[in-house]
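Just so it is clear, A, B, C and D label the chains in written order, and each chain counts residues from 1 on its own.
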């Protein structure tokens, strides 16, 4: 399958390299010329636009920062829809809301162009190692058609359901994870305020109903787990900015689905405030740092 | 050690039975005469007041519904403080805020009366089986002195720290657990709204960063885990009322410690609303039921 | 100016009647045939689609329930964009998010079609009386061109700024109002729980820093103000469903603007829960009813 | 009436001066010797403890920073309860939760000591000018007995209800005001993010359903209202620390009353975070500053 690849940034570039390494011929485009230059140097063929990619490709991978970028790449001027042949298979690996995924899919379907959403987890490290988890939404035959490309980039493929379901699964997982990091941080700040040893508190919680991946695999308190981001000055990992983005998409998906999402919304706003106050590019566990206690002489 | 026991309700009675079964002589009191009658029938000696218990005992176990009950039992008219001999060892197993625990301890200490806080987890089932987890705050020598009584009631004793630390540990654990049940419920309601199979969603999340005890041990969606409360019409387990109470105490401990607790506070209010709308005596996982989606014809 | 009118529902129909009464010739369309029949009976010319309206009109008024309806009417198949002549003036009076308004405007501008956003407040009563407040975003010359049509429908026209600014102004106002109804309801539920007379509480607050339109013009407690919705079984007025929708749009606009909106998000979720529990079509002040207190025997 | 006065700090001292200026003989105490020295220099008689004040007084005014200070002053060692004669009239003007007010009142009543709660609004400026608003809870005859002292300190006396009702009224008012400052700040940050002129936005909202004291009397955006704290680098006025404290007390009163308080709790946490990040001693309208937007290059 002749592949196109749109979005050769921090995540996209190592994924593209894995496709090239597995022998795919790839035509690439990125709105940022410098990013595209690196992709071409890595072995991709240069395209001048998304439409140009579409003309050269039977399958197209997109991985872009936001839903508006995805809409523009697919539906905008010089976008994929303008030039894609009937039957072209589009694989959107961006993290976006399921509503946009379905809207794009519907517009493409009017012209006989196929679309699956296939967001990933695993970060730049997983993208480089080809070990990403890929959560996939789409028709089974399209998912099968995409499989050779997907296995070049990821190690764990899950076909969740119809178009949009990949996005839903990623956002639901990150909703829980994002809320958990804030909850764990609040709990340990309370423990600290009352003089409780965080190691003992960790032991108690890890065998009880408060056990979470967030505490056990990426403990937000520095010094508890040497492998955790907290013990490496919160070097990411998964950034506060990105966790805030994903919680925002989850809350938006809740809104469109007429579902209340109180703790997700509260956590989203905490990450937003943390980002505004300088924690955006640190690991999301740095929300613990942001939640520093008030001065001892403030009234209670 | 001659023991006193104050609070022979749903939790206290089976704990008292275990003490009696292990051979302790116990003098009991409960403000509710019917509850006290059952305790006496079980083998306890009847007391007429908290002070009366104190006069008869070297060690006193209290397990009461709220901080104001604890204050009254210890510091109020005909309370423990009025009658306890110097050196008496008080073991408060109620779930209260650490501020009240420390306040009571300080008042008792003025008279040379000893106090540890030792809240439990495990519910009525654990109380009956003698398998409670007991989180303990107090001076080491007091904790050791209490150990024979505690091992008669619980299987897992953790000495967390100074007075109040037991309460802090319990509240911090339940803060995370309580938030997690709401977060998991929100995630699965979003999944439902977007047509995602909850079993597949469970599989995805259970191996990813959203993994939590709440989803894996007491899944809030009916039919996923036959052992979970959700699959038994949300029979408790741990009720919505109690989870709301514990989150409220945690948020209060955060306030007194000058710590922000945004997601804990949001979750607390959700449980409060769920209780007001009829879910108070169901398992706390029934927050999933409370969070039912809006009508399809409501605008978004 | 030959006018088109798309969206002849509860709000649109009386607005259309006012345009007809002022002598405008109007070609109308609604996706619901019954709604369109009523509009035709009122004197409008029937169109078969949005594109059909566009072909017949120099100016087009749209008032639709949601952003996705607006996108479909303007950009979808048989939409306005397919058929509108260069220079056509589009007046979108729907309440949508400013991001969608700007996106639609940009797509129209590519074809030389003009667009202003002009959401309204005043409800069905104001639409019928022609007394709506209209908050307008757009280029000054477009706003002036729209003025004759707008003054036929509203009494208070405010040109807020560029395209999208009308939506921003409406959402910001409703953010504050929506939050205020919840805050006032919480305050009066606290007062009730502690036995304070709501009339005295109203007097205290109305002359102090807690004074708000919400309490003074539409008091949420029944019996305080006979003119308020609360004293008429919460007959709307402005419904819980619509307040939740507008808060959701405001929170979404905050997200897209990288702004934290903690209390708006909390209030949005309360309205969402109230809607799910049967308060959606009551006046938004019925959030007071939804926030009923818990049972006296629930633990605290 | 021979008066006692406990708490001669920033608020208490000018109130004490007004009592002295009106001819009351006052015996004063403060745990801080320097604060007490100033009170004595102003004309008060020095006492060595709260009990010492009680021995010298027929009426006692207390104005202290927190509920725990109030409990200690009344019920602790060398406290008022130890020494007050039967019939002594205690006037607590601290801002505390109604539960503590009622608890203290009940303990005093056991010994025939009278108690009213009488928290104030108006700040240091109002305390100095003798123009405070005083919200009073207590038995009518006690309120009448306290009136001569109260009118020496305040200009607007409101008898709200039974003991605790003064505190409830103050907290309910500040709940709404505190939430409103956050809501208004969120709205104007959204407006700013979308390029809307804050003066026009102010005009729109001030005549619509979003009108609030917070925006109209203490606009949080610098430069809109020259009299507002925002235009004077957020010099207080009423500080972020104090607003956070009062919201915390309101949320606690809601908890004890089994009432949900979602937006109050969300606002409380925002003030708590603002305090921790350096805004505690600025005017509470500085929450607008704290809610600065995120970087333009953070993903949404």
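Annotations for the structure displayed:
Just so we're on the same page, a residue touches a chain if its C-beta (ideal position, glycine included) is under 8 Å from a C-beta of that chain, and two chains touch if they have at least 3 such contacts.
None of these values were measured; they are calculated from a predicted model.
Relative to the C-alpha centre of subunit D, the farthest chain centre belongs to A. A count of C-beta contacts for the chain pairs A-B and A-C puts A-B on top. Here the CA centre of subunit A is 46 Å from the CA centre of subunit D.
If you average the CA atoms of subunit A and of subunit B, the two centres end up 38 Å from each other.
In whole angstrom, the spacing between the mean C-alpha positions of subunit A and subunit C is 34. Residue positions of subunit A touching 2 or more other chains, listed in rising order: 248, 255, 258-262, 265-266, 269-270, 272-273, 275-276, 291, 293-295, 298, 300. Taken together, the touching pairs cover every possible pairing of the chains. On the subunit B side of its complex with subunit D, the touching residues are 77, 99, 110, 248, 251-252, 255, 258-262, 265-266, 268-269, 272-273, 275-276. Of all residues in subunit B, only 65-66, 241-242, 244-245, 248, 262, 266, 272-273, 275-277, 280, 290-295, 298-300 touch subunit C in the complex they form. Per the touch definition, subunit B reaches subunit A in the complex via residues 98, 121, 133, 135, 158, 160-162, 164-165, 168-169, 171-177, 179-180, 182-184, 186-197, 200-201, 203-205, 208-215, 217-218, 238, 250, 253-267, 269-270, 291, 293-296, 298, 300.
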